[in-house]
Each structure stands twice: as C-alpha cells, then as structure tokens.
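In what follows, chain A forms one complex with chain B and a second complex with chain C.
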Partner chain A sequence: MQISITVNGQQRTDEVEPRLLLAHYLREVCGLKATNIGCDTTSCGACTVIVDGLSVKSCTVLAAQADGGQVTTLEGLAGPDGEMHPVQQAFREEHGLQCGFCTPGMVMAAVGVLADNPDPTDREIREGLEGNLCRCTGYHNIVRAVRSAAQAGPAAGQVPQAQEVAR
Partner chain B sequence: MIPGSFELVRPASVEEAVAALVEHGDDAKVLAGGHSLLPLMKLRLAMPAVLVDISRIPGLSYVRVEGDEVAIGAGTRHHELEKDAVAAAEVPILPYVASQVGDPQVRHRGTIGGTVAHSDPASDLPTALLALGGTVVVQGPSGRRDIPITEFWLGFFETALAEDELIVEIRVPRTGSAGWAYEKFTRRANDWPIVAAAAVDGRVALANMAGSVVRATATEEALARGASIAEAAALADQGTSPGADMHADQDYRRHLARLLTRRALEKAAGAPAAAA
Partner chain C sequence: MSILGTRVVRTEDPLFLTRGATYTDDLADDRLVGALHATFVRSTVAHGRLLSVDASAALEAPGVVAVVTAEDVADLVPIPPPFPFVNRAMTRPWLASDRVRFVGDPIAVVLTEERYQGEDAAEMVAVDVDPLPAVVGTAAAASDEVLLFPEAGTNVMASFGQPAPADFFDGCEVVVTQPMVNQRVAPVPLESRAAAAAWGEDGRVTVWCTNQGAQQARGQFGDWLKMDPDLIHLITPDVGGGFGAKIGADPEYALIAWLARHVGRPVRWAENRSENLIGMLHGRAQDQVVTIGGRRDGTIEAYSLVVDQDCGSYPRIGTVLPTLTMLMASGVYGFPRVHAQARALATTTTSIGAYRGAGRPEATSALERAVDLFAAEIGMDPAEVRRKNLLPAFSEPHTTPMGATYDNGDYTTALDRALDAAGYAELRAEQARRRERGDARQLGIGMSVYVEITGADNGAGTGEAASLEVHPDGTATVLTGTSPHGQGHATAWAMIASDQLGIPVERITVVHGDTDRVPQGGGTMGSRSLQQGGAAVHQAAGELVELARQRAAEKLEVDPEDLVVDLGLAGLAVRGTPGTGVTFAELAGDEQLLVQTHFTAAAPTFPFGAHVVVVEVDVESGKAEVARLIAVDDAGTILNPLLAEGQRHGGYAQGVAQALLEEVLYDEDGNPTTSTLADYPFISATELPSFELVEMATPTPMNALGAKGIGEAGTIGATPAVQNAVIDAVAHLGVRHIDMPTTPMRVFRAVQQAQGGN
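Take a look at the complex of A and B:
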C-alpha cells in the first residue's frame, strides 16, 4: 500500500506492506536510525517518537496508522543550523544519559511530557517518563535534565515542524 | 518481531466497518489504537488475515452527557478521557482510572472501545466500567443494540460481541459527587494490576480475580444489608476464581482482593475527591 507521511517536516510517499511497523519504517525506509528498538514489546520506550503532537512507542504502531500524519524523530528536534532543542541541550548539560541507548526515546518522551505540562513537578516528570526505561538507571540526571529544560521556557515542549492535524 | 501479513481495510464510516466485518467474518480483527492487538500479532498469537482500521472513522471520540448517563465514543483514547472535563464532573472515576492505564505513550493510542472489546481480566477501565454499570452500544448489520455491561464480558478475551459487530459507544450512569475509588496493586509503576478493586456508589468490581473482570457480589450484598466495610470487604473474594502466576498465587490474590476492596470502600466513603 502507499503511505504519505511528513517525517521531520519533509513529506514523503512510500510503498510499504501494511504490517510494517513505524519503528522499522523510520529506521529501514527513511534511514533514520536514532530511533532505537529495545524491548520490542511496548515496555521500554526506546522507540518513542512524536506522531501528530503525541508521544508514541513506534514498535507498536503500524506505519500505515501514521499515514497522512506528522512524525518527529530525534533527528528532527535540532534546528536546521544544528542548534539543539532545549531538551537535548538540557540532557547534555545535566548529563542525562549514560550508555545512551534509551536517550532518543527518553528525549522524545520528555518533549511529550513538557508539551502536556510545561512546568511539571519532579513527581510529574517521573510519572510522565514511566514508560521509558534506563537500564543504566540514570534516572536522577534525566529528571534533572527535564526540570532544567522546563525552566528554559515553553520552547522545551515544542515539536519542530509539527502542525495541528485536523481529525 | 514482525506481525504476519494481513490486508488493511480503512473504512470511512461505521457502516463500512460493519460491512467489512460481515465480508471477512472471523478472518478480520478491528484495529483501533492497536495496543492490545499489535503486541499479540507481533508474537503471532493473533494472525488475522484482515485488519479493519476504525481510527479514521470521524465522530467516534467524544464524552457527553445524555440524560442520566454519560455517553463515551468507542474511539475515545485514554489520554482524552483522562483530561476530559465532562467526565471529571459527571463520572470522575473514569478519568482517574484512565490515568492509571500503562504509560503516557500507551494512553495516547489506546481506546476505551478497544479495551472493552479485548476483555483482558486485568484491564483497568473495564473494572471501573463494571463497577459503574451501564451499557455497551454495538452496531451490526441489522443496526444497533445495547448490551448491559454486566453481561458483556464472558471470559478471557471473550465477550458478547458478535464477530460482525463493532462497539460504537459506552454509556455509564452519571455519578456526580458519589464516593468512588480505584485501588490497583502493581509491582512496578506502569504494570498491569496483579489485582485491582473499583468501588463506586456501593458497587465493587475486581480485576484479575477470574477469567474476566467480576463484581464482588458478596461484598455488595453485605453492604446492602448494612454490614460494615470491614465485614463486607472480607467477602470480596467469594465466588472468584483467580489464577496463579509468577507474581502471585491464588491465596495471595484473594488476600489482595479483600484488602483492596476494603481500602477502596473506605476511600469511597471518606472523601469523594481524595483518590485522585
């Protein structure tokens, strides 16, 4: 079947099997390999991306379900001049990562948390990230990074190139 | 893990969806948020030949007051219910329980119709819906019919829904300021409940104490004849048939059912708003 998805601001049309998962579409068809596949069972959150403004686990979404929509991956967060998104900047400054495997999903989930709640408490940050596992257990600095990003202003919860999608 | 091959049908209306279900019979499964179905398909525990994607049908996502009831569109996603002002005012147990499902990413996809149709005995929202009572509105080739919620879940992954019928709406009574609570016991933050108890307006439902979600009828009867909360809650596991797994054996689940029922009833009796 044919699908048209705006990925990181660029519209593309691809011929895919209906069973193709969004995570595989992004990695294999679009060549965007920041999105990691960890548990592959909707548990770990490593494959989190933003679809139509909401965080989702792309291992449990068909590419066809995103047909006609807007998808943002970690690659789409930084500005065109390479300037990091406030959440990326905060993860770097607060050392919100250790091995880095969970980081793309953690950053995208954090953007989703801040889009929903621009000024979360630490508890709200932790609950907002409950679907993302860090096997290094580096949670303290991740929470610190999200708090720091929130203090940087409302831009931390904004998804570049995302537009309101009429439903 | 990759699902088996299937044909994807994307109806634009409920009528088209029902027609697809009639045409494909038990070869077809309905896809809404996909957060129960796609994991099963990735494990090849489900291999439907046809998926009927109802998520593009307009007008299936809403929460509105209709007379003494609140009507919820089957396509309403958990995060929408969680933040819905009408639901918060009229039937506050539902937004709270919606907020207890999985994690934010799961709640962004999962729908109330999907969790009702799936009939997993450990599901949060069906437990609350069973305590509320109400109606599942389904549409088939000969039109709509109402199925009482108390008669909807027949067992593990088994419901009263015919294979050519689609859930279109859930209707529950407006509970307003009546006391309510949902007590969910998990090992980790975003787990399914090992056992959960929902209490609202003197009714109690339990998750994971049988093949489907069940009412704690002995507790309800005891409350109706004036028993204390402690006495009534001590009967919560009567008539249940919990399973055993690596998390809990049957005795422990029975203990949890009694304990969580007592906590839920106490919370519901004490402060209506305290559980949130």
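Take a look at the complex of A and C:
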C-alpha cells in the first residue's frame, strides 16, 4: 500500500507492506537508524518518536497508521543550524547517556514529558519516563537531565517546526 | 591544572544525541549490500531427542534462500568446553542434531532476502522432538537422575575445593547456617545480539558483531571455525550495553560467518528481545549455604560458603565464576577460619555467563547476609558486628585465607562515612518509633561493606596495548585494546593523553574494536579498562614525550634535559625560555611521531566500599520501596568523576533490581516464563531513588594513574544492602531471611510465617 508521511519535515511517499511497523519503516525505508528497537512487547521505549505532537512507541504503530502524519525522530530534533535541542544538550551536560541505545527514545520521551508538564518534579519525571528503560545510567542522570532541560523553558517540550528542520 | 580528575563531558555524545550511534544492525556498509537475513529456529522444548527437522515447507516460502540444519554444518567441530577443567564430553553442537538441551537451543537457520520473511519461514520449519525430563535447578542436576550429556556420566561440569573439616566450627558459641538463593537474572543490554559477515575475494571474512572485545572474539572465531585469525577482520561497531553478557563471541556469531561462506553472500542477524532473553547468557544463578560462627561478643571466628552454580545447558564463563566467589568469600573481614567450596552443574536452561560483578556480588551477598544473620542471632547492631570484624586499615598487601592479595584498604572508614552520610542513629530512632507505633510502613536499614577484585587478569594475563600518534595537523590518535560500550573511553583515554601532551581532548580520536587496526587487546570486562588500557595510554603518552624530546633536542640543538613539556604549546619548550620550542605537530611533520606500547599491571586491584540502604516496607502488602541509597565506592584515583559516577549509578540500579525485582524463571518442564520484557521485571525509573554518593579515594600502587576498577562496584555493594534493608524492615516481626528477589509476595509470606500464620 502507499503511504505519505512527513518525516523530520520532509514529506515522502512510499509503497509498504500493510504490516510494516513504523519503527521498521523509519529504520529501513527512511534509513533513519537512530530509532532503535529494544524489545518486542512495547516495554522498553527505545523506539519512541513523536507523531503529530505525541511521543509514541514506533514499534507499536503500523507505518500505515502514520499515513498523513508528521513524525519527528531524534535526527529531526536539533535545530536547522545543528544546534542541539535543550533536551539533547541537557543529556550531554548531565551525562544522561552511556551506551546510547535507549537514548533516542529516551530523549524523545523526555520531550514528550516536558510538553505535558514544563516544570516536572523528579517524581513526575520518573513516572513520565516509566515506559522507557535504560540499563546503564540507573536513571539518576536522566532525571537530572530532564530537570535541567526544563530550565530552558517551553522550548524543551517542543519539536522544531517541520519546515525548519534540516534535511 | 591537570585535566585529570575533572568532569569532562563526553566527546561521544553529540553524535549519539543527534544522529544516534551506529550499532551492528544499523550498519549500511557497502560490503553488506544484498545481505541475507538469518533467523534461527530454536527449540521450544527444554530437553528431548531431536527426531526430525523438516524444512520443505519453509523452503517454498517467499524470499527463502536456504534452510540450514545440523547436516549442513557437519564440517564444523562441536564447540568444546571453554575451560580445561570442565568435563570434556560437554560439547556444544552448532545446530542440534540428536538432542536439544534448553528452550532456545538452535536447531536450524533460515536465510531470507528480507527480515520479515525470515520470521514467517522459521515458523514453517517442522521440528519433531521426543521430550525427556527437564533438569531445572541445581538439586535436580546434582541428583544425576537425568543427564544432559549421558556420555559425560554426570551433570557436574566442574568441582572446586573440598568440604570443610568436621571440626571447623568447634569452639564457636554461636553458629548460624542459612541456605540462600542468588537468583538467575538476565543482563538485558538494550541492544540485543547482532552480527553480520561478508567474505572478500581474498579469502578474508569481515565480521561485525556486538561484543566487549574484538580481539578475544576473533580468537574464538579462529578456534571454532579452524581458521587463521589473520583471515578474520572483526569489527565491533558501537555497542548498546554488555554487562558481561557480550564478552567474547557467541556461537551464533561464528555461524553467521560460516553461513555467509556457505551461501556465498553476506549474511546479517539481529535477534529480537524474546530470542535474546532465552538465547543470551544469563547471570548469577547460585544456590548457596552459608555457615557463620563466633562469640556472643560479636567476634566471628569461622565462615563457610558452599555454592552450587547453575551453569545452564552448555559450559560458558559461568562455569568458572564460582572460583571468583570462593576467592572473595571472606571479603572485608579478618575471620581466622574461612572455607569455600563449589560445584558447577548443567541444567536444561540458558547458559550462565558473566553479569556485572560476575562471581563477586554472589560472594558479597552471601557474606553480608551471613553477618546480618549472625548479628540478629546475638542481638547486636549489624554495624557494630561489622566494625568488630573488619580488617584494620592496611597500606601494604594483605593476603586472605582464600589466597587473594588485596593491594590496600580501609573498610572501617568506608563504613563510617556511609553511616554518617545516612544519619544512621537517627534512622534507627525513626525505625524504633515506627515499630513502637506498629506502622504499616516500616523502615528498614540495610548495609554492606565490600571488597572486590578488578583487573583480575593483571599480572597473569596479557596486559593491554596502546598506541599513540600525533599528526602534523595537531590532532592525535589513540589505539586501544579496550572495548567501550557506554563507559566513555573515547573521552577518558583522550583526557589521559591530553594531560601529558596538551592536545585538547576534542582533537584526540580513540580507536578500538577493529582487529586490523588493533590486533591485540583484552577488551572491556572485569572492571579492567582504566587500570590496564588507560594505564597503557598513560604510558604511551610518556613514551611519546620522550621520543619527541630526543627529536626536539636535535631540531633545536639543545640538551634533551633542558626541554620540558609546554601544555599550552602542545609541545616542548626550552626550560626557562618561554616561547622557544617546538610543537608535537611540527615534530610529526618532520617524521611520523608514533609510539606503540604495552602495559601489564603487577597484580589485580581491590576496590572497596560501603553501602547503606533505607527501604520502606508496607507490612500489609509486603511491598518494599527503596527510599535512599547511600554509597561509598573507593576505586582509587578518579579520572573523570562524571564517568565514574555514571558507572556507580548503573550498578546500583542493577543491584536494586536483583534485590527487589528481577528473576529469570522456568517452570518444572524447563519452559522459560520470563522471556519477554512484559514478563521480565526490568527495573524502571519509578522503582529507584536518586542516589547519594559519598567520596573516598585510596590510590592503588598497581598503576601510575592510581586507579582501581569502578564498573561493577554498584551491583556488588548495593545488592546485599537492599536485601538486608528489606529483611531489617520486618526483623522485629521475627523474620530472619528472605531470598532475592524480595518481592511483595515473598515479604508478605515471610511475615506471615514468622507470625505463626500460614
């Protein structure tokens, strides 16, 4: 079947199998490999992306379901000049990543948490990220990073405007 | 001021955060164009005779190029046990031919053009197995009623040590004995296993696989495939966590290389999580019996630890880990008499490997539980019992009754710092108030004092290689045999070189995980990297300065002794004459400026620390929550506190996870019941507090950096501290012991039993 999706500001049309998962679409059709797949039960959140403003686990969405939608992956989060998003910057400053595998999903989920709640408590951050698993950091520095990113104001909970995203 | 000891943010991160790392399954290498996808057909029966494998239907499925079974791999010699002391009959077939020994045992491989086609076709391979009784747990294994390897005549893979003498506890006023379970857990690196292979026309194979040491993996490929290692180019791409489970190569990886030759096309494989949770090595899985004896004044006189190690079906690293448990049996204490003994046993389950701590958390958990049991028996505060029995501070090597030689240690100070930071007296007062009131939410205070062995191959092994080259453009390249997978070596090793050369960290590239570029290396495991690989880089930088000094002296026509490193210049200057000098880059422009070196530490190092954990336990539901975790982890001199703290945090989380939540389970027929992340309770952010870190640094003399290992301290210290805390919370109700994981059901039942209920 044919689907049209705007991925990181770039509209594209592809012929896909109806059963193709959005995660595999992003990785194998679009070649956007930052989105990782860490489980097969929607448990780990490594594949989290933002679809039409909501953070979703792309292993649980068919590519066909995103037809006509706007998808932002980690690759689309930095500004057009390459400047890191406040959440990306905070993850670096606070050492919120180690092996990096959960990171793309964790960063996108964190953006989603901050979109819902611009000034979360540590508890609210932990609850907001409950569906994103990390084996390396013990979450300590991830919580710090999200708290720190919140200091950047509303920008921390926003994804770049589609038309502004670098190709 | 030296850059060493400062919080340098990682150079790896901008790429990881904006484009993502490149893991094995992300590779878009030209050599992998047109690669087939491998999908394993695995046994769904724990134990049985394999009667037939019928691939005819699968071969007709869309996209299927080949289905490979045991007959096809007959030229491959079954994999022998990895250690000489293991029963030699316990070999591992590449694909099951006459018997399956665990749910997950590979039976066939389907090769397809596309990934989804593989999953479809694998389900069409008809496998007929005549079930045999499963062997689940060490007691069933030790009975030898059902044998995994009938030709071996036993399920005992290996035995270590002798029984304790009959009079071992004679003279003790108090003797406490307790069986306990250090349960099987799953490492669960977020990146599952993956490999890819492509053969060149020159007869060499390029293999990419996720692992913790390319050189070791290449050696295994060579041994298994009977190939000259020089014909194997093994590349470790970015690795999404390892935790010990990615040490060396898995047979599946080597089979991918074999398959690529077999079909004459590149092949790639990436398992999904369900496959990972049955196929990747598990950790821990020890059944232990501790016996501890001493006087009512708190003096412990004798300690015995007897271990039955569940090794799973085929011998892997787990078979040897009880020896590390035995070596560290008496830990931080000066007990006069110490005994340890172990058996390693085959069961029809997933094989056991190293998991963060690998043998040492098992020793520490047994010991720290035993000390608490002893304290409870004599009615003394557990901190007081520890103080009475800790080895006094020492700065000269100390050899324990088990034969470990500790470099230095000050365990009492570590304990005191942790207790002070926790506010121990006030915590006990609050606990007393809650007990007095009969609150539903009781407070538990647990502690552990630990010492562990890191860089265990120091002195005995191969050490670590490093090369360092400064380029004419002022950049530098470090080649290292360590294999970072989250630890931040690209930053840390650059800091070490920068400290001596003045070249900024951002201009130093660290290369690892490519056997053509770095043929020798020990990898990253056992908390060895900084004290060996980092120390090798440090040595290389020193040697490079000396090489540069000789060249600069000729160039500037001065005495080499008059040249000093000028960090601002990133070169050498004439002493007392600022502005006169030559940069390393200029010297590199004259002639290649490269050193290759090798560092071997004289002996292992023994980091130590103390953890105090506060839990709140709802005695009505049994649910325990960790409220605080206070940790002293002394790993010698710290190179980069940001990275060291990150290592500690991750270990704490895995320690809490084992103590409270995580366990791999099998039913009586050997079926895994925790083979997805929906079933396996991987710890999440909501189940952890933020941690309270207390600093302590006792440099080791074993390397110029003063560094001990830090990668595994967290699991070693935290696991028993959490378990002790949960038990402490309900101790006033009569509970003395609860096995891990201390789930609500376990805690609830323990309280009910202690109260005389059912």
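Keep in mind that, in the parts below, the second predicted complex is superposed on the first by the 159 of 167 C-alpha atoms of A that agree within 3 Å, B and C clash if a C-alpha of one lies under 4 Å from a C-alpha of the other, contacts with A are read in each partner's own complex, and residues count from 1 in each chain.
FYI, a residue touches a chain if its C-beta (ideal position, glycine included) is under 8 Å from a C-beta of that chain, and two chains touch if they have at least 3 such contacts.
All of these numbers come straight from a predicted model, not from anything done at the bench.
Visitor: In the superposed arrangement, does A:130 touch chain B (first), chain C (second), both or neither?
Guide: In the superposed model, A:130 contacts both chain B and chain C.
Visitor: Report for A:61: first if it touches chain B alone, second if chain C alone, otherwise both or neither.
Guide: The first partner, chain B, only.
Visitor: Contacts for A:149 in the overlay, against chain B (first) and chain C (second): which applies, first, second, both or neither?
Guide: Neither partner.
Visitor: Could you figure out whether chain B or chain C reaches more residues of chain A?
Guide: C
Visitor: Where does A:138 make contact in the superposed view: on chain B (first), on chain C (second), on both, or on neither?
Guide: Touch partner of A:138: chain C, not chain B.
Visitor: Which partner does A:115 reach: the first (chain B), the second (chain C), both, or neither?
Guide: Neither partner.
Visitor: Identify the partner contact of A:17: answer first if only chain B is touched, second if only chain C is, both if each is, neither if none is.
Guide: So A:17 meets both chain B and chain C here.
Visitor: So in the superposed three-chain picture, is A:40 touching just chain B, just chain C, both, or none of them (first/second/both/neither)?
Guide: In the superposed model, A:40 contacts both chain B and chain C.
Visitor: Show me the chain A residues, by the header's touch rule, that chain B contacts in one structure and chain C contacts in the other.
Guide: On chain A, the overlap between the chain B and chain C contacts is residues 17, 19, 24, 40-42, 127, 130-132.
Visitor: Contact residues on chain B for chain A in the complex?
Guide: The contact residues of chain B facing chain A are 1-8, 31, 34-35, 38-39, 41-42, 51, 53, 55, 58, 61, 79, 102-106, 108-109, 189-190.
Visitor: Chain C touches which residues of chain A in the complex?
Guide: Checking each residue of chain A against chain C gives 17, 19-20, 24, 27-28, 31, 33-44, 46, 74-75, 77-78, 82, 84, 88, 91-93, 95, 97-104, 107, 122, 125-127, 129-144.
Visitor: Report the residues of chain A in contact with chain B in the complex, numbered from low to high.
Guide: It comes out as residues 1, 17-19, 21, 24, 40-42, 45, 48, 54-57, 60-62, 64-65, 109, 112-113, 116, 127-128, 130-132, 167.
Visitor: Show which residues of chain C lie in contact with chain A when the two form their complex.
Guide: Interface residues on the chain C side: 9-10, 12-14, 16-23, 26, 28, 115-116, 187-192, 238-241, 243, 272-274, 485-488, 642-643, 645-646, 649-654, 676-678, 682, 684-686, 688, 690-691, 714.
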